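Take a look at the structure below.
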Amino acid sequence: MNPALLSLLTPLATAILMLLCRSRAAVWTIAASLLSLVAAIAALYQVTTDGSQLIHLGGWESPLAIRFRVTALSALLLAFTALIHLLVGLYAARSRHSQTRNTDYWPLSCFLHASLASLWLSTDLFNWYVILELLGLTAVALVSLAGTKAHRAAFNYLLLSLAASLCYLLGVALLYGRYGVLDSLLLADMLEADHTTRTALLVITLGLMLKAALWPLHLWLPPAHAGAPTAVSALLSALVVKGPLFVLWMLWSQVAPVELGRQAGPAMAAAGVAALVSAGWSACRTPHIKTLVAYSTVAQLGYALLALGMLLRWGVRELHVALWLFVFAHGLAKASMFLAAGEMQSTLGSKKVSALRGATQTVPVAMFAFAVAGGSLIGLPPSGGFLAKWVLLQPLLLEPSHWPWALGVLLGTLASAAYVFRVIALSFDRAPPPRPDYNPDPVAQWLTLLPALLVWGMALGGETLILWMSGVAY
Amino acid sequence: MPDAEWLFDGTLGILLLVLAGAALHARSLYAAVVMFIALGLMLALTWARLGAPDLALAEAAIGAGVTGALLFSTLYKAGMDRHKRATPNRIALLLPGLAFLLLLTAAWPLPEMHSPLPDQVMAHLKDSGVSHPVTAVLLNFRAWDTLLEVSVVLIALLGVRQLYPSHGEVPTPWPLMLAWGRLLAPLTVIVGGYLLWRGTDAPGGAFQAGTVLAAGGVALRLIGVLPPLGWHQWPVRLLVLAGVLVFVAVAALTAWLGQGWLHYPTGSSKVLILLIELMATASIATTLTLLVVGEKRELRP
Amino acid sequence: MTDWLALLSWVPLLAGAFFFLAGTVGLLRFPDIYSRLHAITKADTLGLGLVTLGLIMRAENWQAVAVMVLIWLLMMGSGATTCQLLARYQQDLEAPDADKEPVHARR
Amino acid sequence: MSTTLFYLAIGIGLWLMGLHGLLATRQSIILVLAINIMSSGTFMVMVALATHSDPVDPVLQALVVTGLVVAVSATALALRLAASRRRRTEDDAT
Amino acid sequence: MMALAGFLLLTALAGLWRLLRGPTRADRLLPIQFFGTTGTTVLLILAQAQQQPALRIVALLLALLAAVVPIALVQYLRRVGD
């Protein structure tokens, strides 16, 4: 069997078997994500040696069948998904505060993993619609695990996710009516810049931006991500919003006509900068720890949108690398940050940022994880975030006419520095006397640090990574 | 008789728009829900008019059956007649006009376009194992979509499991209800089975059959003919999971031993498709029934 | 043979349409719920029956006839039952004590 | 104006009415209805497009069958979430 | 034949008024029953007029649901109370 398919099949089959046997054992999920990770790495190896491959599902010819495409990027994304699922699963299995014990978290997270894996592989517009619905419903079910207090956020999340899917579907219907195929690779050669195509792409883009919580359609994200159980928040922020982003990237950079991309690029880049500044500002103002981290997700997605917009406007190929480096660095850092934030707020017994006063003494390792992950989000060297920002800034600084955009990146960096240091500064205060139920769990705290260490590890092989990705990332 | 067609189309169009508008702006929730059920009926007529009997079947069973019961099950004593009217948002009023023009001009040239896919479907229909093109697309050419779709139904049930059970006890049925329900039960099963069986060579199939059975299941549960159903009962669980389980098993086996993911071996396509359809029908019927009337609460709130 | 049958079939078809119209007028104009119930369930079932009869006269094969007869039977049953159910529901709302003994809807 | 175009226009109209309802309402059940009306509009666009080939395009019809089942599952989850949400506010009030 | 179907739809459109007006809950369920009957008839006519025998099965399904669903709806309504 093709290793990429194995990487998809493992979590799917595990989820079904766990449901059938009513087993809620963490160990199965962890084993499945480990196996999926190994398979994804095997697929990555295969792709880098033999080149990318197309799988025709059902063995039919291309416009008829749905096709999977295994490229280096999709194999990398498969590995990334499995890795995050594994790391979050390890934490969720260990921590008392993960709010996942004896719940349906385990099968649902496996479904989440499987639907993301099929998203990375698929190239079919309608298949993406079904996957996005699957992803959205799974995410909503996971958010509602947190109990009644999260139901309001879950309901709004579900409604917006459905509305976004319907926008996307209307656009797909228009494209199908115009060109008669659903396969994005075939569409790439056919698309013309006429009114129908333009409108279809507009509707699709609005839908995907709403799903990926890109500014200004991000308002549903902070309550949903902050209200979810900690492990779920990490999965949602690190992985789920990247799904629609991937589709958006595929459509605009591979399918849409170049001149349409040129017109749309500046608008996307501007929305990216606006996201950086406004969500950064909101993160500085919010009183709750997890809401702060959630706003930071919105802000960080602004970098990806900025990179995509400029990629479309100027066609600089390095920006592909910047975009995906951002996705990987942000995923790892944000997983760490959400896990640390959740662990700290549960250990200290308050959701308020002010409760973190003296956290360096009470929950030192989790606070360290938060700071390390925050460093990557700001883009401090030597971290994955720094690498991404470095690749993004290079083409911006070379051309004087691009400097206003570079200023936007600078503002975003300042905003992220502000909200990260807001927490860090508070944590170095003298700690108040601990609450009576204060009972820290060092192992769980170390597990929250793991993804953050990996994102700093990305910088070790920084130059090779950039070079390699420039060769494969499109 | 083009004029007669216009009379029909025009009336249907007005009915659809009026019902949709009334459902959104009715004074009471109850009225809105009833309007919406009527809209479902009219949609089924529209699909029939547009030459899509498969869809008319599905819409009749879903729109007039399952969704209606679902909406009624969420109506409560409190808040049923109190419908908060939001102040009309100026953006919400201005944008639709512009958007309608934009979309309509985008759709204007589409009726003249031609797609290569229908011809391809017809060309490969004889290799697909079934003779009804819609079923061939659903269960062979685009079977992966269908697998994911069956998973979506399952996920919806898993999501509902995390919530409160539906409200309260059902009142004791009147004798007339019991008698009528018992009379209809076998008929529902027969019609469902017939839809499933004819799906390979005529409109019908797993989803239509599953939804009809679910509509019957809901009614029977509400008059107490069916026992309480819940996830904790293993036969129920097996039925819910059967569709995805068989589908994934076929996918895995064809990828591992056969020629590729969901590539049915020549000659056995029809058997495999029938097996998958049978299991999917069972799953969809059980899952939709549980979605409406599943009441046992086993998880913490 | 078939031609005059097709022509003749317009008689029940149009009669059916008339009964639908009558049912609608009843639905709109009758004063209370019970009489409106009768208007709908009686007149429309009759209308459906007549239209079905007209269509049966034009049907090509016996399967179509069988399906149509089945539909007609079902509709007669459901018309009568729904009428009873709704009337009883309405009566329970108006006089909840009547629930104790089997009072039938006003005929 | 052909039949296809007429139903395309009705479909777009329904889609927009649903979207408008989504923006203009706060009542949770009405919101769910709005989403459903939006999806019906999308499906109508697809089914109307299916009539442009002869015989009717089976691919689009199959896609709409898939879409219908997805929509009903999502509706079920949304309605139960809405009920659960209201139940919580009732619990808080008492 | 299409004219006949169109006429039936027009009566349905008129019946809509009762649906909008009410006044009682049962009053609003009446048009649903009415729409079910009309819809079934229209489907039968369409099956004849458009030469699509499959639509008869749709009509059968609609008739079956028109028989089954009122049971569920009335039970739910009774549960709701007033």
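Every chain is named by a letter (A, B, C, D and E) in the order it is written, and numbering of its residues begins at 1.
Criterion: a contact is a pair of C-beta atoms (placed from the backbone, for glycine too) under 8 Å apart; a residue touches a chain by one contact, two chains touch by 3 or more.
These numbers come from a predicted model, not from an experiment.
S.K.: Which chains contact both subunit B and subunit E?
M.R.: Correct list: C.
S.K.: Give the label of the chain whose average Cα location is farthest from that of subunit C.
M.R.: Looking at centroid distances, A is the chain farthest away.
S.K.: When A-D is set beside B-D, which has more C-beta pairs in contact?
M.R.: B-D
S.K.: Please indicate which chain is farthest from subunit B, where distance is taken between mean Cα coordinates of the chains.
M.R.: Farthest from subunit B by mean C-alpha position: A.
S.K.: Centroid of subunit C to centroid of subunit E, CA atoms only: how many Å?
M.R.: Measuring from centre to centre gives 11 Å for this pair.
S.K.: Measure off the straight-line distance from the CA centroid of subunit A to the CA centroid of subunit E, and report it in whole Å.
M.R.: For subunit A versus subunit E, the centre distance works out to 47 Å.
S.K.: Hey, how far is the Cα centre of subunit C from the one of subunit D, in Å?
M.R.: 31
S.K.: Using Cα averages as centroids, what's the distance between subunit D and subunit E in whole Å?
M.R.: Going by mean C-alpha positions, subunit D sits 20 Å from subunit E.
S.K.: Scan subunit B for residues touching two or more other chains and write them down.
M.R.: 5, 51, 73, 75-76, 103, 107, 110, 113-115, 117, 121, 141-142, 145, 149, 152, 155-156, 159, 163-164, 167, 177, 180, 187 - these are the residues of subunit B that touch more than one other chain.
S.K.: Which subunit A residues touch at least two other chains?
M.R.: 126, 130, 133, 137, 140-141, 144, 148, 151, 170, 174, 176-177
S.K.: Residues of subunit D touching 2+ other chains?
M.R.: 15, 18-19, 45, 49, 52, 59, 63, 66, 70, 73-74, 77, 81-82, 84, 87
S.K.: What are all the chain pairs that meet the touch criterion?
M.R.: Touching chain pairs, listed by label, are A-B, A-D, B-C, B-D, B-E, C-E.
S.K.: Please give the residue numbers of subunit E that touch subunit C in the complex, ascending.
M.R.: Contact set of subunit E toward subunit C: 4, 7-8, 11, 14-15, 17-18, 24, 26-27, 29-31, 33-34, 36-38, 40-41, 44-45, 47-48, 53, 56-57, 59-60, 63-64, 66-67, 70-71, 74, 77-78, 82.
S.K.: Could you pull out which subunit E residues touch subunit B in their complex?
M.R.: Touching subunit B from subunit E are residues 1-3, 5-7, 9-10, 12-13, 16, 19-20, 22, 25, 28-29, 31-32, 35-36, 39, 42-43, 46, 50, 52, 54-55, 57-58, 60-62, 64-69, 71-82.
S.K.: Where on subunit D is subunit A touching in the complex?
M.R.: Those in contact with subunit A are residues 15, 18-19, 22, 28, 31-32, 35, 38-39, 41-42, 45-46, 49, 52, 59-60, 63, 66-67, 70, 73-74, 77-78, 81-82, 84-85, 87-88, 91.
S.K.: Inside the complex, what are the residues of subunit C that reach subunit B?
M.R.: It comes out as residues 74, 77, 81, 84-85, 88, 102.
S.K.: For subunit B, which residues count as touching subunit D in their complex?
M.R.: Those residues of subunit B that touch subunit D are 5, 9, 13, 16-17, 20-21, 23-24, 29, 32-33, 36, 39, 43, 46-47, 50-52, 54-55, 58-59, 62, 66-67, 70-71, 73-76, 78-79, 83-84, 86, 88-89, 91-93, 95-96, 99-100, 103-104, 107-108, 110-115, 117-118, 121, 133-134, 136-138, 141-142, 145-146, 149, 152-153, 155-156, 159-160, 163-164, 166-167, 205, 207, 211, 284, 288, 291-292.
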